[in-house]
Amino acid sequence: MIIVMRPDAAEVEIEHVIERIRGAGLEPHVSRGVKQTIIGAKGDETALRSLPLEATAGVEKVVPIMKPWRLASRAFRPEGSVVRVGEVEIGAGAFAIAAGPCTVETRESLLETARAVSAAGARLLRGGAFKPRTSPYDFQGLGEEGLKLLAEAREATGLAVVTEVRDLRHVELVARYADCIQIGARNMQNFDLLKEVGAARKPVLLKRGMAATVKEWLMCAEYILAEGNPNVILCERGIRTFEDSTRFTFDVSAIPNAKHESHLPVVADPSHAAGHRHLVAAVACAAVAAGADGLLVEVHPRPEEAVCDGGQALLPADFERLARQVEAVRAALAPVGV
Amino acid sequence: MIIVMRPDAAEVEIEHVIERIRGAGLEPHVSRGVKQTIIGAKGDETALRSLPLEATAGVEKVVPIMKPWRLASRAFRPEGSVVRVGEVEIGAGAFAIAAGPCTVETRESLLETARAVSAAGARLLRGGAFKPRTSPYDFQGLGEEGLKLLAEAREATGLAVVTEVRDLRHVELVARYADCIQIGARNMQNFDLLKEVGAARKPVLLKRGMAATVKEWLMCAEYILAEGNPNVILCERGIRTFEDSTRFTFDVSAIPNAKHESHLPVVADPSHAAGHRHLVAAVACAAVAAGADGLLVEVHPRPEEAVCDGGQALLPADFERLARQVEAVRAALAPVGV
Amino acid sequence: MIIVMRPDAAEVEIEHVIERIRGAGLEPHVSRGVKQTIIGAKGDETALRSLPLEATAGVEKVVPIMKPWRLASRAFRPEGSVVRVGEVEIGAGAFAIAAGPCTVETRESLLETARAVSAAGARLLRGGAFKPRTSPYDFQGLGEEGLKLLAEAREATGLAVVTEVRDLRHVELVARYADCIQIGARNMQNFDLLKEVGAARKPVLLKRGMAATVKEWLMCAEYILAEGNPNVILCERGIRTFEDSTRFTFDVSAIPNAKHESHLPVVADPSHAAGHRHLVAAVACAAVAAGADGLLVEVHPRPEEAVCDGGQALLPADFERLARQVEAVRAALAPVGV
Amino acid sequence: MIIVMRPDAAEVEIEHVIERIRGAGLEPHVSRGVKQTIIGAKGDETALRSLPLEATAGVEKVVPIMKPWRLASRAFRPEGSVVRVGEVEIGAGAFAIAAGPCTVETRESLLETARAVSAAGARLLRGGAFKPRTSPYDFQGLGEEGLKLLAEAREATGLAVVTEVRDLRHVELVARYADCIQIGARNMQNFDLLKEVGAARKPVLLKRGMAATVKEWLMCAEYILAEGNPNVILCERGIRTFEDSTRFTFDVSAIPNAKHESHLPVVADPSHAAGHRHLVAAVACAAVAAGADGLLVEVHPRPEEAVCDGGQALLPADFERLARQVEAVRAALAPVGV
């Protein structure tokens, strides 16, 4: 950690900061410049992080040097992690697509979709039983009934199931039916929910919050890892910006960025980011070319009847084409590397 | 609701949309232009909102006309709502300041702060017992012990207590000690938590999410109102933008904007938005001049010892000056109106 | 255009809007709903756009229906445009990479770079002679001397030259040396400069402004097209968001989005967006997988000596690898489509 | 400047950085930590800023310490600057309001507006003769004819004239008629235009770019100051964010922030930021309460006939009320300070 003192900092203020650094068990390293004094603190920054040095008299700014994450850092497992969802591997070279409806609607529709995406190459089935909705008057999901239908679709197709948990009291319930528990973007910093899924035995797919930096996203993964669950998959799904022709702005750089900083697998959800069916395939291919370890894609046999987000759902035939494009991109990049 | 058809929409597609509108119990109103056909739907839009018309063949875009909120709308109570926190009134002309530390630390420090802010004119005491922290390794609050200290400070000073609930299992616990339950920015769209506080008997202070539009913020208030709790106070606390010299960008327009759309009181938290002590008073005065019904201000007797966010905490003497400035602005605007 | 009247609009206000629509030569189409009246205007919206209907008493909002661009629209040339830069074709299936230093520095360094990128497959040479710099004290480019060096490098390698014009008095000068005139992101809405390059006989590469929507970007292309220059290439280079681990947020969706709305070729600049060398190749591959018609990549033989932006410049060997990756992605997607 | 080396930086890389710092005439100060080495550079950072140290092998990041501005810094003139526009003073306690139409339309309308705003307390007349418009098909202003009308209105009312220059070839022309030259938000980083107005003898009102940080805004002021024109007024007018219920997000914190960093006066344009008439007064009062040295307000006698931006223009009577509110806020804060 580096503490930059104000140009007008008094000697006593400088001494006080030095003392506090020593008091926290670190070694101060003072550099008195022409205009201002800079103090480095050698040792474990964590001890300093809880001291509000920036609130101390005479301090202009505090520059942390160490990355705040540990278990999530690439250095923790340089070769990268593979997360196993049911029998499907994701990460460190292993790639898989999850596809399915935004929300589970009827048994027939879900089975039809599951069969279609399975035939097209998906290895996982996605679909919400508990939906976070902007309006309290909108359909909020089938609840446990939806989870049962997902499990039935798994029986029928062999697809592993990914589904969202919204309420921390439902973690155990969702874990009973799902192969992978999804944390939605709106709950990325619901820290108590993170702790609950950290204690669960199932892998967790952690969507990036719509206003979260890559750094904050990794810190949320750290919450789950710190509770003892090593099976975290990161999912980029678009961030909020001024651009209004897409639902969110898909931050494609976040994929190589997160993989550079962390050993965790990173997958992408092109559907929620794009928000329009005609943009989904291009964003999906881009994510894969940027190194994504997997995709979450919304597919619906009859989007115009979808209970939610029909405008971004692909038809099974569109999905089948997307799956082939993605496969082509992966095959092309395999020998040259991403 | 207005449905704009694509210029190349087929007659059968137009007919299909008309039929769906009729099927939902609304009356279609068709306007065939030179380039494209536009279809209005007369009646209760809510019925249409669950139909994914934008996913229907031939549709270019769907333009909702009605505002999505009901109980939160200004029309619901044109004169504005007064929310009573303990014995303190907020809204429709009544104004109050909540002040206190970011997080409850020690009994002595809390009582000292409470006495100081009370003497300076604050009517409410703010302070966290359950803190949402970016890092799992940071101090997360004293929990119930913190709530007890807050209650003790209320006894000692007469200040009403506002404190955050983070975990929906703690709503009942927090409500037992607090006069007003705060929902933090990161939990604004934690819909299950909103439902829980909607069922509580205490008023709720709902902070705006850092990536939430005013519209989404009001919809979250609607979640609470729809559960039967009419006592919601909105709190603007800054949004996330590219500007990095402040912690968040305080959206001052959101105050008159939310008050225009809704009858609910709107207060402001200048401390978290500014993130730097030297900017807090100016932002606070701005919020009041824009019509805020109250303020939440962080105050700490020794910011350099604060467990969190010391850099933005005011000293009691600074707070006392801020309270006088705010009072002057309010007095000045009373005869001419905000 | 659709005019939504306020629920409390008076009959005389409704009549007045109807009259104004008629006065502008359009046909009003009135739909009186239960809560509010909606008025459609059939005919050429352009006539209405200059009327401030939203400022008219009783009007709640105005919803334009027609896209504001004409010459830039996909409908104007559904098959897509090919722009010829020197002898290099870009667009409608033709793809090319421009590479080179951020700014032209020395003759030796430029020729070395030009030869290296040409050998690796680049068809165009990029490099600034007039640099827009945040600080007035930073190096602003070699000016005409830089243009001469670029022309010499073209002679030596056969690469076509793309370089930025910043000052509208230099358009003729830059056009004399360059094969393609670049408009930088900071000048995207410098409308007088757009008009000048619209009158030039050379193709124009129009970078997207860092706060510009896709819509505004296309309107700026329209400015150039409307002056009679049909050879416009759009360039996505990242937008400004809260994410601070990259220099800008590369908006990969903007590529398929702009190509959907417009017939103009769209290329990508992954270097400025990423801002860090280790992210450039992934963003470049993503852009190509999303359908980009070309790339602008910063390459420097010794980045640590670069006068500007060395941190994002690729070494020639890195660029050579990137060019092979990009070629692989293109070859893979050719049979399945982007 | 502080150079943080990567944890895996080789000794030779560390030595190389030390050498480069020495080569630039600064004194290196090395601190070898447990995990990584940090190198401080004592002396004038400017010399280092042109070295791409972040592109040097082994470097993780570079942290500048000194502020990049000089002439614009508060330290340059701690008491604050007063800028004189005609006979009106702005800054360091002096306050003034500029009001008028978005664009100059007719002689009658302009004179009517000028008289009304003058009577209500405005000291300056604002109005565009050269308008930057998103569409090439929209009205672009009356040009010199508009300047003449502004000068005539000045004769008639005594108001000083503020008007925008868009094309750098018009600086001399605009300066002939105007008392203050405005640089619009879209041209904030049109550096050649900044240099031209830096060479003019008239004061310059520099609007903040819609995606510009406060830091970048001050650097643009530095461009003008460095050319020898000391009379720069900064103008906050809203930034681009995801919030779409206002035209831009008025960044009220930028006012105290810019005044803290710089001695230049800071005024506010609430009209363009709010974009809706009913929000303008609240934003104006907020700006003044936050310490603004003046306001730019759009006023039109018949907004529904305004050629542009009628939706945000105040009626003269509304403006008169706003002027009284603003005066009340200023009077209230005078004794207690802003």
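For reference, chains read A, B, C and D in written order, and residue numbers begin at 1 within each chain.
Methods note: a contact is a pair of C-beta atoms (placed from the backbone, for glycine too) under 8 Å apart; a residue touches a chain by one contact, two chains touch by 3 or more.
Bear in mind that the values here come from a model prediction, so they are computed numbers and not experimental data.
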item	value
Remotest chain, chain D as reference, centres from CA atoms	A
Which of B-C and A-C has more C-beta pairs touching across its chains	A-C
Distance from the mean Cα position of chain D to that of chain C, given in whole angstrom	26
Chain B and chain C: spacing of chain centres that average the CA atoms, whole Å	38
Chain A-chain C separation of Cα centroids, rounded to whole Å	30
Two or more partner chains touched - positions in chain D	211, 240-242, 244
Touching residues (chain side chain C, partner chain A) in the complex	211, 213-215, 239, 241-246, 249-257, 260, 273-274, 278-279, 281-283, 285-291, 321, 324-325, 328-329, 331-333, 335-338
Of chain B, residues touching chain C in the complex	2, 4, 7, 29, 31, 33-36, 38, 40, 42-43, 63, 65-66, 75, 240-242, 244
Contact set on chain C toward chain D in their complex	46, 49-50, 52-57, 68, 132-140, 166-169, 186-187, 189-193, 209-211, 216, 219, 222-223, 226, 240, 277, 303-311, 313
